[in-house]
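Here it is: the structure, laid out below.
Note that the chains are named A, B and C in the order they appear, and that numbering of residues resets to 1 at the start of each chain.
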């Protein structure tokens, strides 16, 4: 049994979903792990990770609009030091989650046909987001 | 340290929560892992996994109704190629999540007394859903 | 490769977020694992785990108020045997999730600078909550 770890730095362009499946799959290839478990952690509280459909480009857009409705900006937050998009960004991160895990088989992420891994940027301005990746297996 | 992997195919009957704790526990028994970590991944973007109370049958029903309120069907989605239940199904999957992990001790899932693992079907029509299970341990 | 497991019992004082990063980090220190993966499971269906900003104390308060808006108490639940805060507590647990994973490097949780791990208590009255922690690594 072996393990490997890396960090991805993903530039974002303000609110949006950035697919990172390819980055994770390419790194996994280099580790030569055939069977195992990949775990990702987004090291931020105003960006997060999620798995979503990656075929239709309207799905990320609808997902983003839904996150904006469900955790809207507004004057009703106590925490607003960093601007009106800050507290909603924390809430959208809590809702979608900071970590996720994907089993590995035959050297590949065992995602479904239509599943992609996305970094969700919840702040209005561009950021550089860091994701830790860990894999354990054989 | 050893690891095992399997896939469960779970038939669903349209929207609903299907408890799969028994399937996972029975498979775990066969692996003879005493201490370790089980990780499950739902390989779909309109079905998901969650842990919820499994004693009162009203809890899954209330959970389903809440998911319908919080990510409702409606004409406001850009993505509607596969029908009005498609985009809400993606949103409910994002909210509840595709993967979850449960530590194993004394050969058993270390769930709490009232916790069950559920596959959540978010589409209106029946489907066959695939879940990958991975366990690593001793 | 080695693994360790423990259980934390966390007292809560009714609805609120209780940071447990220190408890997890102190236990991790004792295991002497340098590189690996920590997974936590909250063994309850009306309390849950999440990662959130741990610097500004207003963030947990806003998060709690948002959870109260998004899964409100009310007469519209079928399941109300244990009081009006019971079903909303299940919903808030489903939304935030029972399990989470954090990679370990150089003997430390690889959380971001502003990230803390929180137990979220969703019931109105104080409880003692049990969290299982598992680490695997070298």
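Please note the rule applied: a residue touches a chain if its C-beta (ideal position, glycine included) is under 8 Å from a C-beta of that chain, and two chains touch if they have at least 3 such contacts.
The chain list, named the UniProt way, goes like this: A, B, C = YjbQ family protein.
Fair warning: this is a prediction, and the values are worked out from it, not measured in the lab.
If touching chains are joined by edges, the resulting network of the protein chains shown connects every chain directly with every other. Because chain B (YjbQ family protein) and chain C (YjbQ family protein) share one sequence, their contact can be compared position by position; here under half of the interface residue numbers appear on both sides. The best fit of Cα atoms from chain A (YjbQ family protein) onto chain B (YjbQ family protein) calls for a rotation angle of 120°, in steps of 5. Centres computed as Cα averages put chain B (YjbQ family protein) at a distance of 20 Å from chain C (YjbQ family protein).
In chain A (YjbQ family protein), the positions touching at least two other chains are 1, 37, 70, 95, 97, 101, 136. Chain contact summary for the complex, chain B (YjbQ family protein) toward chain C (YjbQ family protein): residues 1, 35-37, 50-53, 56, 58-59, 61-63, 66, 70, 95-97, 100-103, 105, 110-115, 136-138.
Those residues of chain C (YjbQ family protein) lying in contact with chain B (YjbQ family protein) across their complex are 1, 3, 5, 37, 39, 41-45, 70-71, 77-79, 81, 87, 90-91, 93-95, 97-99, 101, 130, 132-134, 136.
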